[in-house]
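There are two complexes below, and they share subunit A, which is joined by subunit B in the first and by subunit C in the second.
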Partner chain A sequence: MNYIKLLNFELSRFIKIYFVLIIITIISQLISTYSVAKNYMNQFNLAVYRDGISIEKYVEQFGQVSLMDLQHSGWFNLPIVIAAVTLLLYCFFIWYRDWLGKNTFIYRLLMLPTARINIYLSKATAIFLMVLGLVALQVILLLIEGKIFKWMVPANLRHDYSIMEYLANTVGDLYLGVLIPMNFIQFLIHYGIGFMFVFVLFTSILFERCFKWKGIIFGVVYALVSMSIFFIPFILEIIFAKRYLYPMELFVVEIVLGLIVTAMSIWIAHYLLNRKITV
Partner chain B sequence: MIEVKNVTKKYGRKKVLQGVSFTANKGEITCLIGVNGVGKTTILNGIMNLTPMTSGEILIDGEKLTKESYEKIAFIPDAITMLPHMKIAEAIQFMKDFYNSWNDERAEELLGFFRLKKEERISSLSKGNVAKVNLLLGLALDVDYLLMDEPFSGIDIFSREQIADVFTSHLVEDRGVVITTHEINDIEHLIDKVVLLDDGTIVREFHTEEMREMEGKSVVDVMREVYRG
Partner chain C sequence: MKRYWKVIILPIFIIITFGVLYVHHAIAKNGLPEFELVTVEGDKKIGEQLMIYGDYHTNNDSMWHSFRLTADGIVYQRDLNFFEQYNNFFESNVIQKLIEEDSGFMRGKTEESNLFVDTDKQLAYVGPDFIHNQMEVDVQNKESGDRTSFRLDIPERSKYHQIYVEEVQMIEDTLYAVTINYFGENKDVMIYEISIDEEKIIDHYPLMELPFLDSVNVLSNDTDIGQKEQIVVSVDHIEVTSDGHHLAESEYFTYHFETKESKPITFPDDFTDKPEDPFGAEDYLSQGHIVTGKDNLYFINFTPDGLTYYVYDLVQHKFEEEESITLGTSVLEGLYGIYPEGDSLYLYSQVNENGIQFRKVFMVDLVNAENLYEGEIRMVDGDETNVYGLEIFRIQER
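Presenting the complex of A and B:
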């Protein structure tokens, strides 16, 4: 119960910045969609009405416009990068703001009549929910952006993708391909690694908070050890230049190793919060 | 009873506390006195498990501190412990949400006692009023023990008087209070027991009443003896 209260509290502390991210994403991507559709139609009108090219010829030469064209737009990708960087920085800020400056809210958090690991878990969950919230927003925006194309571009000049078709075409894309996986297994891989990384990062931060300068070294070493454990199968493949596992076996091994690293991070955080933390 | 048993704290090679032992009983005001940097705050942090001690043991009513202990012991540090942008009402709500021992009636009484307004933001308060909010958040808990770190530090005389009045009121009655200070004048007449610290060790421990009766000395007299030689 206290975990839920803490989670609610953590979310409320970030809500203003989060809304700013949402608004930036919505405005920027809608501008991007409008401008891509508008530019396409301007070029089309010039070619057809000024230069006298037929519609079929134009489509043959320049292709139809689709959601795929958005991927090359800075306005479309920029908010994704801003949100990712903000949330990454927030992974540090979510801890350090409780210690640094005049604010000593960490006293209050550590003195709550609840297991201290709840502080850690609520902060991590807040990050996960905010990430997943932005991903959900992106999916909704893609649907809206598809509608905008339909309003602005005649059917014979555009290629309509369903969300699944669209995602299938963005698998290799640096931003959307990572952000919105094609299937559940890819979702597990992308977000499993991401969330495991958050746990490792949080535990490394706690090392620093517990042991100060020495803690930075402990934290870095811990992060390297965790990553080494997780990537052991790949490291072995590189060292021995041989593939030992089939893709499905590798997937299962990686899930197990990911769970081990996550459990280890939580257990060490539990120990540090109860035995070593200092205000 | 709070029992601090042979506690040592090292920061690197520097020993901040060396074999410190004392007890603080319910219904008594125990005062840890010493110059700045002598380890008073470290002891309170250690009791609340906010700083790990290098060795020794700290017990609350015979048991080690657990998460449940925070329902029966409250710490009032010498700093803002709520988010500065919070209103006093929000800080109160936060405490109410998490502590079963939160006493709403007492919180209201304390708001009146300190003349604080619920809608004021903590960031807009004077140092004296921040200290009062800290006291309110600690005193409104129905706890057996209260730890207060330098409650009179850096605040105006009127706030000091108001805070000193708390110690003679029913608000701390029957509770065990451990208070750290290097400014003894405001509360000398209220203290039951004194623990004098110097260089990380206890140099003298006595009951004020006994000291007055047996040796005819006040707390300040004993402090002069100890610190001036």
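Presenting the complex of A and C:
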């Protein structure tokens, strides 16, 4: 229950900024969808009704409008970038804010009658939920954006994509394919790796908080060691210019190494919070 | 409980959204069309042995999806589960089979079929060892499973800045590695004779020395790693003038490993494998094609309704009589690609008849000058209207 209380507390501390991010994303992407559809129809009307081009010729020349056209729109991409950068910065701020200000809040947190690792886990979970919440919002928005196209553009001038079709065609050249993978196992892998990085980052921050200037070096070294462990099959591949592991074996080894790095980060954080942390 | 609404609502929102998304995707699979290969003429068993690699795309090019089509049905790369996607979708059948038969032997080896040779008794590999600047040799006795593995220092290694193994062959207990060794502004085409018993290079000599820009190829069929006594080599000599690079001359010759004898191959008078305009879009069928068979080399020209070809007997070193195969004008008009495999040639044609496009696959036997198979790629339960495209980039035996 203490963990849930701490998680609720962490979410509450960011909820106002979080709602701002949500509102910016909704407004910006809806404006983007409206303007892409509107511009397409304006061009279509000019070409067909003023210049006398046939509808078939227009479609042949300019193509149908679809969700794909959104990926080049700044209004569509900007809120995603803003949200990503904000959450990335908040990964640092979620710790440092507890040390900032007149009354160091971390003192109160550490004195709570609960295991200190709960502080670490609740902060990580808060980041996890906020990232996934925004990505889930993006899924809903893509559905709504598809509907907007249907309302504004006649069927013969648009190509309707399902969300997965849209993602299948953006994978490789857009970050949305990374944020919303094509299948559930890939989803677990992408976010598993993402949160392994969050745990490593949090532990590095704790090194800095525990050992101050020396801690910066410890934190950087820890991050490098963790990444080296995780990427060791690829490092060996480069060193020996040989691929020893078959793809499936490499996949299993990476899962095991990812779990080792995550467990190691949590264990070290547990040790630092209990034995080394200073306020 | 009310004060914990954020902890409750956020996970529920996430689980429902992604749950619905992935469950819906798993059930619907977003309906990519099903295709099947239907035998129109010829032996049905040939069709059952075919593997067709290609891309399906919509007519507005908004969607492209790679697929593999066999008699068992179509498999889209997109619809493979994560574990299946981890393997190379387009990996050569030969390499895939070798890995399936003995993954231990294949571990850590460069996955290029020209580095392997499979005799009745032994499977051998000669590949580069970039770390030690050596050659890596691995030979496995197919009956006993015994392996002989060793590394070899390359003579005059310091002279060369880069060495690539182009072809590997084995005659009795001697391996022959054909390499291209780059040095300065030139390159040597080298032959290294490797004794498996003595585990050393017993002889090495240059087949030819060429300027850096000249192009040299060992012609081979990448689905056949069987034993051969000789290789066919093609060389394009490039001339540099003030207005760029030009092809000055091409030569083809055979090289026999045991006799060390080279014999030039002179093209038939009406054959050229080079387009008049290398940048022209329509030159694919106007030029000839050379196909490497087991004991023959085929010089193929396309005609308005089929193909004619000269057979060069690699054993007798002489041309045989001209052969021809008729396929039909509409097939040639819609010919999209040719895919040689040894003494067979696969063809893919998008035949347009009365506004309807038929996608046909042919297999011709070049030894007997016969059209053995005609199949059609059909959409299952769909209208064959011209609203999608099938780009085929490989047809081979399973």
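Just so it is clear, the second predicted complex is superposed on the first by the 278 of 279 C-alpha atoms of A that agree within 3 Å, B and C clash if a C-alpha of one lies under 4 Å from a C-alpha of the other, contacts with A are read in each partner's own complex, and residues count from 1 in each chain.
The definition used in the following text is that a residue touches a chain if its C-beta (ideal position, glycine included) is under 8 Å from a C-beta of that chain, and two chains touch if they have at least 3 such contacts.
On a predicted model such as this, the values are computed, not experimentally measured, just so you know.
Asks: When the two structures are superposed on subunit A, do subunit B and subunit C clash or fit side by side?
Replies: fit
Asks: In the overlaid three-chain picture, which partner chain does A:121 touch, first (subunit B) or second (subunit C), both, or neither?
Replies: neither
Asks: Once the shared chain is lined up, is A:153 touching subunit B (first), subunit C (second), both, or neither of them?
Replies: Touch partners of A:153: none, neither subunit B nor subunit C.
Asks: Tell me which of subunit B and subunit C touches more residues of subunit A.
Replies: C
Asks: In the overlaid three-chain picture, which partner chain does A:105 touch, first (subunit B) or second (subunit C), both, or neither?
Replies: A:105 contacts subunit B only, not subunit C.
Asks: Kindly classify A:7 by the partners it touches after superposition: subunit B alone (first), subunit C alone (second), both, or neither?
Replies: second
Asks: Once the shared chain is lined up, is A:248 touching subunit B (first), subunit C (second), both, or neither of them?
Replies: second
Asks: In the superposed arrangement, does A:276 touch subunit B (first), subunit C (second), both or neither?
Replies: first
Asks: Touch test for A:141: subunit B only (first), subunit C only (second), both, or neither?
Replies: neither
Asks: Minimum CA distance, subunit B versus subunit C, superposed model, integer angstrom?
Replies: Least C-alpha distance after superposition: 11 Å.
Asks: Quick check on the output: what are the common subunit A residues between the subunit B footprint and the subunit C footprint?
Replies: In subunit A, no position sits in both the subunit B and subunit C interfaces.
Asks: Per the contact definition, I'd like the list of subunit A residues that touch subunit B in the complex.
Replies: 2, 5, 9, 13, 102-105, 107-108, 110-116, 274-279
Asks: Residue numbers of subunit B touching subunit A in their complex, please.
Replies: 45, 48-52, 67-71, 74-75, 77, 79-84, 94, 97-100
Asks: Residue numbers of subunit A touching subunit C in their complex, please.
Replies: The contact residues of subunit A facing subunit C are 4, 7-8, 11-12, 15, 59, 63-64, 66, 68, 129-130, 132-133, 136, 139-140, 159, 161-165, 168-169, 180, 182-187, 189, 239-244, 246-248, 250-251.
Asks: Which residues of subunit C touch subunit A in the complex?
Replies: 3-4, 6-7, 10-11, 13-14, 17-18, 21-22, 25-26, 28, 30, 58, 60, 62-65, 78, 81-83, 86-88, 99, 103, 107-108, 129-131
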